[in-house]
Amino acid sequence: MNDQALFWIFAILAGGGAIGVVILQDIVRMAFSLIISLGSTAGLFFLLDADFVAATQLLVYVGGTLVLLIFGVMLTASGPFRRIQMSSGETFVGAAVGLLFFSVIAFTVIDVEWEKLAASHRPVVDAATDETGSTSRAIGLRLVGIPADTEVGVHSNSGEKTGYLLPFEIVSVHLLVVLVGAAYLARAKRHETSEATGGDA
Amino acid sequence: MDIKACLLTTAWLLPLVGFAVEIFGGYWSHHAPGGRFRSRLAAYISVGCIGGGFLLSLTALVFGVTDFDLSLWDSPHHASASEAPATDALAQFAVADEAPAGHGGAEQAQPGDPDAHEHNHVSGRLYELATFGKIRFAIDYYIDSLTLVMFTMVTLIATCIHVFAIGYMDDERTDEHVDHQVHISDGSHLHRPGRFYQFFAYLSLFCFSMLGLVLAGNIFMVFVFWELVGICSYLLIGFYVERHSASTAANKAFIVNRVGDFGFIIGLMILITSFGTFNFTAYNDRGASDQPGLFEMVRDHDGAVHVDETDQGRVVKFHTPNGSDTSIPYWLLVTAGLGIFAGCVGKSAQFPLQTWLPDAMEGPTPVSALVHSATMVAAGVYLAGRFFPVFLPEVLLTIAYTGAITLFVAATIAVVATDIKRVLAYSTISQLGYMMLAIGLGGWAAGLFHLITHAFFKSLMFLASGSVIVGCHHEQEMTRMGGLRKKMPITAYTMLVGVIAICGLAIPWTWAVPKIASGWDIAFSGYHSKDAIVATALTYANLNPIHSLLFLAPLVTAGITAFYMFRLWFYTFAGEPRDQELYDHCHESPWVMTGPLLVLALFAAACAIGGEQGTLFQLLSQSETHVQDVAGSAINLPTHQDIAVFHGQAGIMALLVAGLGTLLAYLMYCRRTPDPSLIKRQFAATHEFLVEKWRFDELYDAMFVRPVHVVASWFSGFDHRVLDGILHWFARTGVTVSGWDRRFDEGVVDGIVNWVAEKTQEVGRSLQTVQTGRLRQYVMFIALGVVTLFVLIFALFPET
Amino acid sequence: MDTSLTNYLLIGAVMFVSGVVCMATKRNGIAVLMGVELVLNGANINFVAFSRHTSLGLDGQVVSLFVIVLAAAEAAVALAIALNFYNNYQTIDIDRGDKLQG
Amino acid sequence: MTHTLADTATTIQSTLQGWNLSEGWAMFLAAVIHVALVAGFFGLPAGIFIWAERKISGRIQDRLGPTRVGGKFGWLQAIADGGKLIQKEDLVPEAADGPLFRVAPYVVVVSSLAALMFLPFSDGWIAVSLDIGLYLMLAVMSLEVIGVILAGYASGSKWALFGGMREAAQMVSYEIPMSICVVIPIITAGSLNLNEIGGLQSGHLGNWIIFHDPFSFLAFFVYFVCATASCKRAPFDLAEAESELVAGFLTEYSGFRWSFFFLAEYASMFAVCGIAVLLFLGGWHTGIPGLDGILDGPRYSSDSFVWTWLANALGFGVFFGKASALVCVQIWIRWTLPRLRIDQVMMTCLKYLVPISCVLFLGAVIWPLALSYTGKTTIWGTPTGERAAPTMRLESTPNPADRLPTASTSNGETGP
């Protein structure tokens, strides 16, 4: 029951924040509602027992990326650009397409009966996490190339899983490239962009 | 590596350096400081190179004298000569005559013993270019006393000539050189930028090639540098390309040489294919000393050739250390020798290929001097000497006769020539004939001895004539000169030295008081060498009476030589000036030209001191391969004893004849009794014949040129009608076919391509409107696209 | 007890769609970036939800980690680009940046 | 959420459920009570430090500092200030963006106080014990900057805007070396769990991670600099640089919203210093071998509640003392060093701290390998395996990582 309650709180905050980003006109308020949305997404991750992902979401996304975005907002949103009005036609079309799109996805989501999947593979993450309920060690091992949950043997086609060492390395190199690239793109007085990247890295 | 080899290699490569520097740096020296006149830098560079080469060769010579343990003053030759009094000469000759084979035995001790054989040359490998199985292409060197002497001689003379050329070619150091002998259509003279540095670059290359030829240790290298020498002579003879005569002369020299080289190549091919090696001898200095060389294979240490009678006919068995009985047919070896000699004929202008040399006078005089004395023609004689061991008696006989004919013919032509340089040219030919004759007669040392001495006095005389020509403002006709000795004393008297040297005049103490002063005649170099040759010829004639002609020809020619040489000198320097105006304007040449004259005069006079007991001769005879008579050949080659026997008589005869010739010349051209013009009128036909050089050119014209023209015209006719016809037909067909092809192309292919292109363009234009460049619309399209896809899928597959 | 997978997916759908709409309607460049972040997060929610409820296992979480990190990188570069855009056009309205239209 | 440690939240909830309330209500009440506890309990150190700062600065400037309120030490000064601030009117400027302006202080104070939830004051004395506690703590603390930026932006004044932007830049850049330095003790201890890291440092001083190897020793100081910068303390207080920007992002604030910022600042000071103590300075251990031995017994054997409680109380005292000492050092620095320029701040971070911390990190990674040639796992400290391990880990089903070859490489791996 209490997870239920927490879920609904976070869900409403996340969805509402997202919709707020669309609806609001003031760029700064959009940013704020985005923060709310992403932060409560972190909450949802907690409810999904993905504590490490949740913490990362907070640290990197909310603490890094969004600060970055707001920073950009501050740099650009001088006077006229705080609120750029769009024609009502656009608004209407956007809303229509959005609703269509949402209906499509929602139809799919509801149409598929996930219970089969869910029922069959219940204990995966429990097995992967250690008894403290933390997935951090499992994920870390996975990132250095050792799939932890194969040891438990619960995982299907567990035999040849080799983890994520290569993607991990690739991503780190990619971050370095981004660091350089951003530092180059934002020349002169705007070092901050590149630093933020480093912070996330 | 042997010290001599080091020195000589350096001396050999120095001129190449000079050549490279001048050719590539020439433009720079063109613009060197000094206004519109170019700097003498190029000249200094090449003089430095060749001079340094001379010093190095001299050092090498000194080393050689010690290394080849020359016992100069008590050599067996000298001993035998000294204890062979003229009185019992005939008796000893009789003994020699009865037992000709004994000479070989008596001789075996001296050059026969291996260590002496080891000591008289140094050969090795500088650099290996490529190896194909057994055949090695390599830069080898073969150094014996001949090589050393040749190096010293060539570099010394070349140095003098370079220095002389600095003065002679001085008018080339300008951007506006006027060539007075070239008339352009509008009657004016040709104006061209001077070619000072090119000239010296060519000279350097020339010396490089000649030295390379002398140093060469294998046939391959010999051939390469042989051809290089030919090229350089071509470049230098045709130096004034604008003059038609010069270019034709260059072509003539080149083509005639090709004729000889044809035989030469054949000879080389035979040698290579049948001996399987390029090398002259096995290496004894550095490099793999595995395979024996040509010379060792043909003759053993005693100089004997093993001839066997097999069912294939006569064969020459190779003399190999491992005793493997490989052999070459006798006639094949003879052919090889003849081929190589053909090459020598071409290079050193022997009968019948002598015609190019006089025309080579078209080149600048220093070039003539170089060509005539040190490099070009010397190459032929040197090569004949070098390949001496390979020559079989038949070949030697051919060489001897060729030399005899050449020397006589050339001398006779020289008698009537009036161009000062042409006289010298013909004299060169006849002197070369002498050398060849000597080699053919087995007087190896004598021939090369004459080569060296002749090089000195002939270069001297050419330079002197060059100085005369410069002094007389490029007037070469002797008939217009006269009495110049007052105007240019140095030239005149140095020339006189040369003349005396070539005529072989001397005060023969040997004959007068043989006991005390044997071989100590008061004489210039020419006397000794010619004397040696004539002595050899006399001995030969006595050993083989059938070939007495080979003795008469040189003897007579000695007289003729003396005649025409003094004629030349009297014409030019003595008597009264025939052309007053010319006489007034002529002047003595600057020191840069007279200096070399003096140096060369010194050498022409003194280089052969002591005659056959002198240092030079001894040096040369160190590297003489002693040859034994081939069994079954009718020829008996004279030995040193025999020559020593006849030496005295030969000397006297030669001297008398020469004196006669001199006297006649004096009477005719100073005393005018008998008047030469009278004689000319009386023997008009002969004179005409001689002036036309025995009509050799006409003969060749009739024999070769015209037939070739006729045949060529036939072929050209065939070409024009038949071949061109066929070709044209093909061409026309091609044109028509391609016409169709073109129509197909333009119509069908291009049509398709253009159609596709247009369609693509239309589609692109229609799609252009979609690209609004607006990000948000793109996103909208994406979303709509997804939705539509979804709807489509569900419309098409409702059951899934 | 657990909330069903469907709810999470629906939340993800909401975030995704609103992100798309945000991208499609907002004229402010930064706002478009926010839309992108929303889209990525919607996807992330799906990943994590699947990793919790289906055989995807921890891989889902790992993938979402990668997504987060790369999103940060993307944001950095995109923001740098946006600032350059602002410097060159003196506006952040991306509709001005239609130089590429055909 | 699964909790292995019986932390306060679950204790309260279970007790409430003991009074047969429904689970939902129990949890709700538990949350309320918990928040009250946290706010009150963590507000306390903040108040103390506010007072301490005034006294210390007074001493440093050769003044007496506050003397009036509450006796000659003025120890009620903080409370008096709070009272005054609460009475003030809550002003929102005309140009400000109302809602954001109002909400910003809450963001700041919530994030900095919530960070304290993951901080163990003694073994097991922790609000929420997570296996990734440290990570989460840093994450939550990094949210504080958002509030500051919003505050600076929403005030609608250029001073505030500049302050906010400087804060953003400074925060985002100083997070890099700070997190790298935090990673060093983590790889030494092999755990993200603050409680566990603290428990590992029992025994004599050599067991403190700061003395584990030269790199962690240097890392402590780098971390301390970054921490000072990340809670906007002098000489890095560019965000509220009185001399240039009137009061930075605080310019437009007054009353209790302003006091929230103030509270948040001191709370986060205490938080970062607490992290420093736990990561480097041996947590709640005294560093005296005998004493720690005595205390660790009851501390890790949960048989007798009272002794455990007493031992933990002692540990709390030790921990609090260490943390307060560090805070005092920060105060001392503030009143000693002049303020840097913004470019100097940036340069310090990017050109010096980042490379230094990277080098230290590499060194700390290579250190065990280098040591492994000497056969020892530490230079002077007791090998971690033989130290007393926290009991709450004892009844654990051995986790899968233990059976993996790579899991036991770092010498911080805990075994029973």
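Chains: A, B, C and D, in written order; residue numbering restarts at 1 for each.
In the analysis below, a residue touches a chain if its C-beta (ideal position, glycine included) is under 8 Å from a C-beta of that chain, and two chains touch if they have at least 3 such contacts.
Quick caveat: nothing in here was measured; it's all calculated off a predicted structure.
Student: Going by the touch criterion at the top, tell me which pair is linked by more C-beta contacts: A-C or B-C.
Tutor: A-C
Student: Provide the C-alpha centroid distance between subunit B and subunit D, rounded to the nearest whole angstrom.
Tutor: Distance between chain centres: 103 Å.
Student: Where the CA atoms of subunit A average out and where those of subunit C average out, how many Å apart are those spots?
Tutor: Roughly 8 Å separates the two chain centres.
Student: Would you kindly tell me how far, in whole Å, the mean C-alpha position of subunit C lies from that of subunit B?
Tutor: Those two chain centres are 91 Å apart.
Student: So what's the Cα centroid distance for subunit A and subunit D, whole Å?
Tutor: 26
Student: Touching two or more other chains, which residues of subunit D qualify?
Tutor: Answer for subunit D, listing residues that touch two or more other chains: there are none.
Student: Would you please write down the residue numbers of subunit B that are in contact with two or more other chains?
Tutor: Each of 780, 783 in subunit B touches at least two other chains.
Student: Of all residues in subunit A, which are in touch with two or more distinct other chains?
Tutor: Correct list: 1, 49, 52, 56, 64, 66, 68, 71, 75, 94, 97-98, 101, 138, 148-149, 196.
Student: Which pairs of chains touch one another in this structure?
Tutor: Chain pairs that touch: A-B, A-C, A-D, B-C.
Student: Under the stated contact criterion, what part of subunit B meets subunit C in this complex?
Tutor: Spelled out, the residues of subunit B in touch with subunit C are 767-776, 779-780, 782-783.
Student: Which of the residues in subunit A end up touching subunit D in this complex?
Tutor: 1-2, 5, 26, 28-29, 32, 35, 39, 46, 49, 51-52, 54-56, 58-59, 62-64, 66-68, 70-71, 74-75, 130-134, 136-138, 141, 144, 146, 148-149, 151-152, 191-192, 195-196, 198-199
Student: Please name which positions on subunit C make contact with subunit A in the complex.
Tutor: 1-11, 13-22, 24-31, 33-35, 37-38, 41-42, 44-45, 48-49, 51-59, 61-62, 64-66, 68-73, 75-77, 79-84, 86, 91-93
Student: In their shared complex, at which residues does subunit C touch subunit B?
Tutor: 20-21, 23-27, 32, 94-95, 97-102
Student: In the complex formed with subunit B, which residues of subunit A make contact?
Tutor: These residues of subunit A touch subunit B: 93-94, 97-98, 100-101, 104.
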